[in-house]
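Would you mind keeping the following structure in view while I ask a few things?
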Amino acid sequence: MKKVREECGVFGIWGAKKKDAARLTYYALFALQHRGQESCGIAVCKTAEKGEKLKSHRAVGLVPEVFTAEQLEKLGNAQCAVGHVRYSAAGSGDVEYAQPLVVRHMQGSMAVAHNGNIANARALRRHFEENGGIFHGTSDAEVISYAVIQARREAGTLERAVEQAMYKLERAYSLVILSPEKLIAVRDPNGFRPLCMGKMADGAVVFASESCALDSVGAEFIRDVKPGEIVVASDEGITSIETHCGGKGTLCVFEFVYFARPDSVIEDASVHEARQRAGAYLALEHPIQADVVIGVPDSGLDAALGYARQSGIPYGVGFIKNRYIGRSFIQPTENQRKDTVQIKLSVIKSVVDGKRVIIIDDSIVRGTTSARIVRLLREAGAKSVHLLVSSPPFRYPCYFGTDIDSREHLIAHRLSSEEEIAKEIGVDSLGYLSVDNVVKIAKNANCGFCSGCFTGEYPIPVLQETER
Amino acid sequence: MKKVREECGVFGIWGAKKKDAARLTYYALFALQHRGQESCGIAVCKTAEKGEKLKSHRAVGLVPEVFTAEQLEKLGNAQCAVGHVRYSAAGSGDVEYAQPLVVRHMQGSMAVAHNGNIANARALRRHFEENGGIFHGTSDAEVISYAVIQARREAGTLERAVEQAMYKLERAYSLVILSPEKLIAVRDPNGFRPLCMGKMADGAVVFASESCALDSVGAEFIRDVKPGEIVVASDEGITSIETHCGGKGTLCVFEFVYFARPDSVIEDASVHEARQRAGAYLALEHPIQADVVIGVPDSGLDAALGYARQSGIPYGVGFIKNRYIGRSFIQPTENQRKDTVQIKLSVIKSVVDGKRVIIIDDSIVRGTTSARIVRLLREAGAKSVHLLVSSPPFRYPCYFGTDIDSREHLIAHRLSSEEEIAKEIGVDSLGYLSVDNVVKIAKNANCGFCSGCFTGEYPIPVLQETER
Amino acid sequence: MKKVREECGVFGIWGAKKKDAARLTYYALFALQHRGQESCGIAVCKTAEKGEKLKSHRAVGLVPEVFTAEQLEKLGNAQCAVGHVRYSAAGSGDVEYAQPLVVRHMQGSMAVAHNGNIANARALRRHFEENGGIFHGTSDAEVISYAVIQARREAGTLERAVEQAMYKLERAYSLVILSPEKLIAVRDPNGFRPLCMGKMADGAVVFASESCALDSVGAEFIRDVKPGEIVVASDEGITSIETHCGGKGTLCVFEFVYFARPDSVIEDASVHEARQRAGAYLALEHPIQADVVIGVPDSGLDAALGYARQSGIPYGVGFIKNRYIGRSFIQPTENQRKDTVQIKLSVIKSVVDGKRVIIIDDSIVRGTTSARIVRLLREAGAKSVHLLVSSPPFRYPCYFGTDIDSREHLIAHRLSSEEEIAKEIGVDSLGYLSVDNVVKIAKNANCGFCSGCFTGEYPIPVLQETER
Amino acid sequence: MKKVREECGVFGIWGAKKKDAARLTYYALFALQHRGQESCGIAVCKTAEKGEKLKSHRAVGLVPEVFTAEQLEKLGNAQCAVGHVRYSAAGSGDVEYAQPLVVRHMQGSMAVAHNGNIANARALRRHFEENGGIFHGTSDAEVISYAVIQARREAGTLERAVEQAMYKLERAYSLVILSPEKLIAVRDPNGFRPLCMGKMADGAVVFASESCALDSVGAEFIRDVKPGEIVVASDEGITSIETHCGGKGTLCVFEFVYFARPDSVIEDASVHEARQRAGAYLALEHPIQADVVIGVPDSGLDAALGYARQSGIPYGVGFIKNRYIGRSFIQPTENQRKDTVQIKLSVIKSVVDGKRVIIIDDSIVRGTTSARIVRLLREAGAKSVHLLVSSPPFRYPCYFGTDIDSREHLIAHRLSSEEEIAKEIGVDSLGYLSVDNVVKIAKNANCGFCSGCFTGEYPIPVLQETER
């Protein structure tokens, strides 16, 4: 089931007095698992003394698979840690892409965990190679490390090196960087990807891609890291460098539509509420006479509830999603009787039989999954099926850390009108949320939004050679 | 999170012309996975010729873990198969308990998959042992096998042996039995556990604990196996022995409340609808002034929707359940800062903050999980919390295949009034669905119900020495 | 590299005061690993009290693979145990064949570990099935268990039940049987397979297929169990039933030629010495003018040394055997450049180049491996190659627990003269040890020998329907 | 059983026309497994075209464990490859140390496999770090890669970059380096570690640490790579850079004593013969009246044979070594009855009972293993035990790629006389091979030897800060 994908989640903690930083990071990554299911890793700093060697473990797999009790034990009792979860893309399931990346440099060692996409990674890599640098992989984290460490030679501190490196690194990036002496959290000047900070009862400072990870470790939410801000946590306390700050930011609107967990709060806006509001806007934009509104699990459920409340049409639970599918699940092959959609998603016949049904999904990529879902509903007796999408159609690439399908596969690029799309998918009618409204769903959010994948208009100039 | 547990799910198929019986059973067991997550197994009959040796594989783990592509390959191209999933109880995670049990006997071989609880298993085992029988384990399936094979010496056919054995076997049991010549499905005369039959497009006959497994293999639902009925599928067609039939049956009402999957239909009643109706009855029995109704995922959601519709109070999504917990997840130990409930279940603050909240759960066992959930809601700002339960209080043991906690742990047994329970759990009010109404939730169902765990009144006399 | 195979090794211990019976059995099985590499298992009795349930674990794999520290821990602190290793035959790598077999019966439970082959297993199984018995597998251990437990109904004790069962069980068998009250060791009246007993410093009694296992746990060798003897170890001490004793026994001579470990002593004869003596007899029977005598590792080395000493021709180390091959080693396929023999065995060129070489192997089955070894020697420059075999040619089946290849594959059955065999293998000359001398190699051994696989004359009548 | 350890083995192949380079490397590494059992890896170049990305896999474990059929498949059909096996040292069992190291640089990518020890690695690392370089680990291979790639900026070709880097890299190193355009083999100017080249029937060029790896892939031995030589294999043929050549070399003499496989030929001398000659020299230096000479398996066997032949005292097989010990074997803990030596090594009583025994081992490190072996012999009845060692006593560190124990643990450092050592070990007499003779054991070898670990006199000045 092809989806648009977030590229990662990060977490960092400094000063866990009970020395359970590794275990807390484990629970935090578990809460961030929805942001990346391919690989994960944790790097710890035990004594927080200069010259200490960071310990780390990273591997392909889900958090509970990679970190067994024994493996977690090996990381030891540590006060500080950073962690990372990585998304799943075909063919890149290699441990070499797993983060945090741990490197040794002149001043000691450093662990880097990155969420985003360095637009000029290729040019920077070429630049470092021309100076005799060698690369072990193709991850942005390695390019970022080089940029920071090169700057470190002139800069007096690691955070000043980060400040300098930011002049070179084209966004998008939300980073946590751990050294034996401090934990640094950085968000690019546009703030494309979220990053927030919190505090534990024992005074430990934590950073996370989403506030749900703060909740999972019992930390109190303090605030979002500002676009362009460098926050430094050390035994001396918390300081901030705001050289690169100033703009209001252009957060990826898809964080609200699909990526983030509903219980997270980003830029003071509830993700769950944003999705309900998306549904309410859909009801206003696309009023339909129907008997029941159902969401495609899981991300369409909130918008369906919002549509139902706004429209007065009953909200129904139309699908059961099988939760037991894991990496080893044997997909049906083409010449078999079943397809994966059907095995993963079952229709509750009594909810749709003989009814006019509105289904709400968060997005359409290729359209093939939607078509199969619609067929399931019709087979279960739905009299008519109307598909509403709680975001505008994808028509353009994302250069800032989202993995959308290649353009020629996008149904909204391939077909020119909503009527054609509706016909191919097999629905009675089709409606998207408008670009005007999608940026309004996060009520009172303290930021602007990037909606370049819908409009082709990006908040910063896009490099031709960007690696995506 | 201590729950009442179903003891198993079974599936059988005869006559898959494409010889994909093993793979179809894989998908069917995957659909029945909610009925048992401890172990699973498949036995196949390749050629369906007399004297053929059945092949089987069973192991501890989820269906996609136990059956890799390689393992499924080893079972080969078969036209007939039976499968089984087993529930998870502490300490019994042993492959020796996994089913189907495959045994050799005088006439050939036989595979048995069982859902239920043989009340007089201990007495029967003693009887067979006195005749020199040996047992490899303590499963009911082995006792059933002995009973059938002992009867087989006199009976002309396997189904007649089953018919005779039924005079000895105290219910509850829903069975599928595979021999190289036929597939037999049996339901005890009370029909405590569900069992239905369906047909594939190529004529293959299938049996399953729930209709959702029929859907998952693309089979058409035909009908439920009747209480007491023995259905025989072979290359000669389908025949039925109704010697033990007659009663209307007393299906376990908890199949509708919690065990079965919402998209299943049992005795012509939709499980999803039954749960919604339970919620509606709760609204009638326990009218409360509140701002939002939320269900405890996943089994409380349908009842919450039913309550909301009946009462007019808005339905809300109050919890996010983390789906990535697997068998290897490291549970927080006692002296750590977090508990498992909190890691598995997150509250969406914006939904409950400042509100009067009704939460609906399907049952309360010990009450400790409920207490934690309530604390989470209060920490998130709920002004008041009312807990409604879509079934009556558990006060008595079940002898028919359900694993309820031991009696002294049951909160409704320990405390004498709902006020005391409410106080211990920490809610403003507490309400259970009445016994009168719980048996009405499955509208138009073609059967009676057993509600012995609520009332202590059982449909058949209970043996003192029953093994549970 | 097709070899004749031993069918199993057994071990038992009673009364380990330090409660380390599981761990001692682990080390003993490790010492017996050469007798079976397919699967292994341990069953323990913790408290040695009537009614106790035996605990066990068995699986496919080598001893250190199957028994991890965690798995051994699970068996707990036990005073008594039995263990088993099983040989590797194509296609039977199934955990259901692993022993010890643990069964429950009227009087409690029992674990059985068996080395040998029950000649009338099929008839006995049919007999028990006719009385309504069911079988989970096709192992001899299950048939033995039935025979013993059926007899147990009349017999007053387990050992008397064994005594009765021995009238029914056609040899060959060397057994250890553990109940919560006693440990029983049994050897069939011919004593086809070895079985000895020893004592630990703390008084614990141990039984093992070979004395090397006694050494590995630090036990003192006491004596061999006599052919036909039933030895019972319990907290009351050691007793013996000799009803079935009397004959001198007919030990499988191949135990001395190949199966047993060189450091074992069987029937008072050293296995290592027997192999050297086999080499010396070869020197007397087949005097050859040569420059060096080399053994095919590992089992041919001792005989080569014996030949060298008798003949005066220098003993050389001509082959290096790669020790790292495990179950997962990727065998070269046919159209590749290498064969397995070549990868497993390397010639030391300087030892054979330009020389007349005598190589000594313990047996020839199909002859293909020998042919490849000879080719390796010629490629390394050997001027001439003479192959001597420290046993007579295999011409007949074994019915007593040895897995020889099927008759049509045996080169000595296929070809009628030693000249033809020599030609096919590609050697300048070929010599076998005579039947007259092979039974003399174990100097002063207290037993007679079975050499039926060489002569077709068996010590007891052979059943036509014997399962092998 | 603490041993002196070789640090690695390397292999490279260019131009395998059948595109089976990955599989051939698998077999070659399997033949080199004795040089390193901790981790292993293979990097392949598929098309041998400029700009191609090298594919690689490396992990902790033995060759057959790390490279499953599936994993080998993933590397694909390749014409060129390099491989590496790494030794096992406590605590460093981390995949990050596994080689070949694959890096990207300005001109493309490169895989490096290294055997040896870069004496000035720390200084070089500091130098590169000062220029802003970052390191992922602490392996010499990463330092070598930096040195080569830094030089590559000025040098016109990769081999010229290697030539320049050699001015910076302090020996010892034997390297194979793979780029998409060529395969380079390098040996340091002293030739501390062996490296030879061969040719396949299809013209493919191969390099290996030992000739036994050439044999295992069916390659013909051509010659050793000269000390200081850079050999380049490409589609244009083979070329050689001899700028750093000239010296006769100082091969580590321990390659002949212990490290190399007996069937290997190094610098035209047979390893097996060298060991036999070591035994013969021992017989001349230490004539003893005894009844049997036995070797400690496996590396003492050849020297024992040499002693026996020279002295006329019979050669005996005194020990059986259990081959089934793997990484997961559970070692006996201290308070248990057994020690590992006893479990791994069994004495054949009949060979030593009542006899005056000479045992020969290749070296003594701490002396504890020797003491246990001697005790085993005495318990088996040896009348007297004389221990001869086929090398001189270890008294000094090795800086050139051998992992000797830390100096304070060395028995020959701790105790000042052979009498004291003999007493501690418990032998009647003790004798070492003299330094004068150990360098003569490889008859006619075309090289000088380093015997610094015995004498403290090293062939090149030793850096104080050398990392070992």
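Think of it as A, B, C and D in the order they're written, each chain with its own count starting at 1.
Just so it is clear, contacts are C-beta pairs under 8 Å (C-beta built on N, C-alpha and C of every residue); 3 or more make two chains touch, one makes a residue touch a chain.
Please read these numbers as outputs of a predicted model, since none were measured by experiment.
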item: Chain D reached from chain B - shortest hop count over touching chains; value: 2
item: Approximate Å spacing (C-alpha centroids) for the pair chain A, chain C; value: 60
item: Distance between the centres, which are taken as Cα means, of chain D and chain A, whole angstrom; value: 48
item: Whole-Å gap between the CA centroids of chain C and chain D; value: 37
item: For chain C, residues contacting two or more additional chains; value: none
item: Pairs of chains found to touch, sorted by chain label; value: A-B, A-D, B-C, C-D
item: Of all residues in chain D, those that touch chain A in their complex; value: 95, 101-106, 125-126, 129-138, 145-146, 149-150, 152-153
item: Residues on chain B engaged by chain A in the complex (per definition of touch); value: 20, 23-24, 26-27, 30-31, 33, 37, 62-65, 67-69, 72, 212, 215-218, 261-263, 265, 270, 272-273, 301-302, 305, 309, 314-317, 320, 322-326, 328-330, 332, 336-338, 342-343, 346-351
